[in-house]
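The following pair of complexes shares a single chain, chain A, combined with chain B in the former and chain C in the latter.
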Partner chain A sequence: MSQEPTLSVLNALKNCFRVIERQQHNWSNNLAECTSLIISLGNLGEQLQSCNKVDFKGTPLQDFPQLKQRLTYKLNQALGVVLGKLADKLSALQVVRDSISNQVVSVFQLYENNSEKISLSASLRRLAVIPSLADMLEWLQDIDRFYRNQYLKRKLMLQMVSPENMSYIVELPKLWKALERQQEHNLTQETLMKIAFFMDSS
Partner chain B sequence: MEFMDLKVLPLDPKDQGSQRCRLGPKAMAALGLNIGSPVRISLPRGECVCTAWPRGDLADGFLQFDSKCISEELAGKTFKNLAVNLKQIKKAVFTKLHHVKVIVVVKTVEFKRSTPSTLLHEIVKDMLHNVYVSANHIISLASVETPVELVKLQKLSPSTDDVGLITRKTTVKVTEVRTTESYKYQLENSWKIPLGGLDDVFASLVEILSLPFRYPRTLQKLGLACPKGVLLIGPPGVGKTLVVKSVTREVGAHLLTVSGPVILGSRPGESEENLRGVFKRAKDLSEEGPCVLFIDELDSVCPRRTESTNAPENRLVAQLLTLMDGMGSAGSFVVMAATNRPDSLDPALRRPGRFDREVIIGVPTLKQRISILEVLSSQMPVCGDVDLISLAEMTTGFVGADLTALCREAALQAILHSSQVTGSPEINMKHFHEALKRVYPSCLRSSVGLTDFKPITWEHIGGLEDVKLKLKQSIEWPMKFPEAFIRFGLTRPKGVLLYGPPGCAKTTLVKAAASSSHCSFLSVSGADLYSPYVGDSEKTLAQVFQQARACAPSVLFLDEIDSILGSRADVKAGRGVQDRVLSVILNELDGIGLKVTERRKTGCKIIQQESLTEKQEGNQQIEYQEVCNKDVLVVAATNRPDLLDDALLRPGRLDKIIYVPPPDREARLAILRICTEKMPLDPEVCLERLADVTGFFSGADLENFCKEAALLTLQEEGLDASFIKHGFFLKALQTIKPSLTVQQVEFYKTLLKKMK
Partner chain C sequence: MDVQSSGASSYSNRKPILNNSARKIKDNAADWHNFILKWDKLNDEGFKAANKAVNSKISKDAQTIANVELDCDGSSVTQKRSNVSETNQDLEECCTQLLEILGKMTRIVTKMEKLSLSIKAICDLEKFQHGETGRSIPLFNTWLTKQFDEVSSKLLDTYRQELSLKKTIIEEIAHTSDQDLMMTYLSAWLYQPYVEEGTKLLLESMLLETGHRTL
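For the complex of A and B:
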């Protein structure tokens, strides 16, 4: 049994993990921006809600003509701007997801092509510095799935935003945070730790 | 190695939704699997498609799998205490798919309504990416926690029997979006409920339902409003609920069941709110397909408003009325309700536009009972000697629920008896007879008239041959020879009056008649009817008649009828209870007709000879029986017929008046023979001579006379005497005097002449 196929898969894995490491930064940067945008979205939603509720007649502001309509218009416009920005960020997240996904698919493709030549025992062998092939493939798949699900959930969350459902917009920052908290034991970070020695080895 | 059993363990939480199955390295090697290659695991009742992965600890002998892609039969099942043989796992060859058609099942109606189809398509495609699928399997997506619950694969292209892989290039077509609720409902309720004896009701209900559900546009074109409500009326246990369930399955509708107690709430306004919620849910469901809202025991939800002073109840009724009016004819949504007390419903409910149709399900007739028994026994290992027709004849007054109980009891008997003998239990006629002793018809269960008595055969009654014949004519013959009755245009007599001096076996005769014919037998005496409340006695009597009709053919026995009724001719001040009870009986015997709700077998047909000739002989007999025996036979007994009202004695009411005479010599001899049957008699005892000397003795006297003689023997000869000697009979004769007198006999004789 030759070592070559194993080596080529290992190399591909190394490349892939490097891409993931890079994209992970992208992802978290984008996500941080998203979070601030979401908070301002929630803020605007709250303002709009209270604007609809309040009666300006009894306040010093009653002298301003059509204040309510103007305010609503302004706020709605601001909402639109924020949503537009969010859509941009979301597409950036999608880019991250797609590039990771592509990498993962190509690694799997390579493994499948060589699977005849790599024996099961070889792919299960764990060394001190190199985790087994099976483990690493598993981690890759997990990471891929993680990004997919995260992206999908966030996208759905933003899709549900509609002018009729103002209370949902107000709730949105909380929901968004809850999603982030799930992510707290960061899968990607952990995985990258596990393969640190492997990445360092030449 | 080949036959290794793998123990199925629950899945790791981190593998949730990954479609992985974890195997040991040895098992993977034995199956020739690589990491991530698709496998099919065949499980009891279904199959699961997974990708093979080694276990983290590399231990063998265990299997963990994610049920992401499973065949439909396994949906919602958990896999506990399961062992999977290695042979059940097969390596799959996958093809990359170009197109797939899917049904998407989402969690809520709101999501279904608000989500644009493009977005849904995108989400589904995203979620199906890199999933190994097989045709007609379902992909569970619950682990991602999105509103999309699962996806059912309908069609794969290129079609493959094995596994297909959905890649980025695969086009996904969503053919249908459904909610979880309706999907699960359909999955659980796909099999049909066997139904016996309710074919005509079933057909008419299917017709009512299928019109608006299947041809809504045709109805719209004709400018018709579809029927929106159907009310089922019938006594308890006839299968109202069952028929609704079966019909909804037949037309493929979603059944939403509501019962009274669930709706009623404690807070003011809560009940109405619940009711509105139920209607809203039904409306939501009807957007997916036909929906039936079934309100069981409607009388508890909707009592008459005038009778109750209970304001919350009245509000609830009003709410139901407005909801039913506001349903609109557009939705494919029908309200069905069932009740056994239609009289207590609010009349406003029973008009077209609310409950348009009323379907009355009566107590099953003979033919219906046969078909119910056929359905019930089709599931049971029934022995060849079981005659369902005779069983149906015996079970007059049984409703479907009673027949079910009967079959269950018979099966139980079979199990109990067969436990000693090896082999599978088989139910035979003996078991059914045993069961018949324990199961009573439920419509008689609460009746005052239900009596338990020791069966008596005609042979137990000495003499009175012509009286016996007359009774047989009026009770047994219509049961046994219905075709002769039809041929001669005869109907059963409505009533029979037995009169005669006391102690001459009138009651015993009726008992014998009841036990020889398999009728339901009800007996009412004055004590049953007595009540201190005004109107109560009449109500009880009317109820007894109603119950007797419900389980016709039946015999209603009124003993000592003179004490119950009396005569209207007797001059008395005011109208007594007896007058009113008499008027009830007169009306029940020959009134205008039955109440609508008491109708049995909708659309009672007049038999046409032409159609019958084609049918089998046995079938014909059954048809005759149904025509002949749908009435109640009233048998009354009295020893003061002169006190009875004349209206009662005319033909059409108690039309057969039978005089039960005191026994003559021959009869006395016969009675003495029967009474001394179990007594050891001395050979010198001559019953003929005794019969000669016991003039004016009634049957009861004669029985007492024999007992006295036996007691005298024991007294005189000691307790170990072996024979009763003739002398003791003569001695007993001295102490016992006949209860009949010359005047009495003369009185009855003149009465007999008068009546003739």
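For the complex of A and C:
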């Protein structure tokens, strides 16, 4: 059986991991920006909550006409601006997810096209510096799933933001952070470590 | 007197020569712009100070409660007291800073009043020269002179109202223990509820009309 199909899949894997490595930087940068925006969002939520709770009538602010409405309007406006920026960042995260997904799909297509030419033992064979094809394909799927999950969870989190649900907005920074903590056990980093020798090999 | 149109047509490369009223209005528009910039800068500085003041107030209140608890316990009260005096000092510093900022803001509004008055005076002069209907050819592009008066009066009202709000906030911010109210004072300071989007638009239109901004 010829070595060529195995080599072409290995090359595709190498390219794919390169893209993942690059996209992972994009992901972390965008995520960091998202986190600071989420903190602003929570802060605005707190301000709106306080403004709603305060009865202006009994305070020194009572003589200022329409102050409560005006302040609420301004705060909601600021909230809208932050949400707009977050939507931009979220689409940047989607771009990362899509480009990783596309790469993974193309590697799998190549493998499936050649699967008859690659024997089982060739798929499972591993060398000191090169993990087996089967392992690397599995890691790719894990990484793909990881980004899909992360993106979806964050998107859902932001979709639940509404002016009626201020306490949720106030809680959001905590929820967002909790999701980040799950990421601490960083799958992509670990996988990239495992394939470091493979990437350096020619 | 209407040199602008003839100047503009015969020497199209040169800047139009403005008559005295137009020059004064143009300078006024630039002053409005600069005062509002200064105001916004002071607003940011004031917010930082107010934020610090609120934080000191909160920690002071927390320490007072802790002290009461410690009094029952009878231990390490003296050390806590020195902390309280430190926060008191912080709070006082912030309030002094806020008062200074309020002073500067008050001076800006006084200058704004003068600007508004001088535009009113130009309108009066125009009435005297051209009668109730005013001049037939606008001083700049399209605005009647009284429109400048309307805009500057609107801007003045806005910043007067903001100044009075800020004065109240400074007077009260250190005297409440209601955290929601403190937060509201802070947001009312930062977001300037009486400065509407229209206010900035009016200013920009005035700058455009007087030639400070180009299309």
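Keep in mind that, in the parts below, the second predicted complex is superposed on the first by the 202 of 202 C-alpha atoms of A that agree within 3 Å, B and C clash if a C-alpha of one lies under 4 Å from a C-alpha of the other, contacts with A are read in each partner's own complex, and residues count from 1 in each chain.
One rule holds in what follows: a residue touches a chain if its C-beta (ideal position, glycine included) is under 8 Å from a C-beta of that chain, and two chains touch if they have at least 3 such contacts.
As the structure is a prediction and not an experimental result, all values here were calculated from the model.
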{"item": "Partner chain in contact with A:121 - chain B first, chain C second, else both or neither", "value": "first"}
{"item": "Touching partner for A:194 - first (chain B), second (chain C), both, neither", "value": "neither"}
{"item": "Touching partner for A:137 - first (chain B), second (chain C), both, neither", "value": "first"}
{"item": "First (chain B), second (chain C), both or neither touched by A:75", "value": "second"}
{"item": "Partner chain(s) touched by A:108 [first = chain B, second = chain C, both, neither]", "value": "first"}
{"item": "First, second, both or neither for A:25, with chain B first and chain C second", "value": "neither"}
{"item": "Greater residue coverage of chain A in the superposed arrangement, chain B or chain C", "value": "B"}
{"item": "Interface residues of chain A shared between complexes with chain B and chain C", "value": "none"}
{"item": "Of chain C, residues touching chain A in the complex", "value": "161, 164-165, 168, 171-172, 178-181, 183-184, 186-188, 191-194"}
{"item": "Residue ranges of chain A in contact with chain B within the complex", "value": "105, 108, 111-112, 115, 120-121, 123-124, 133-135, 137-138, 141-142, 145, 148-149, 152-153, 155-156, 159-160, 162"}
{"item": "Partner chain C, residues of chain A touching it in the complex", "value": "46-47, 49-51, 53-54, 59-61, 64, 67, 70-71, 73-75, 78"}
{"item": "Touching residues (chain side chain B, partner chain A) in the complex", "value": "14, 17-18, 25, 28-29, 33-37, 53-54, 56, 58, 114-115, 119, 123, 126-127, 129-130, 144-147"}
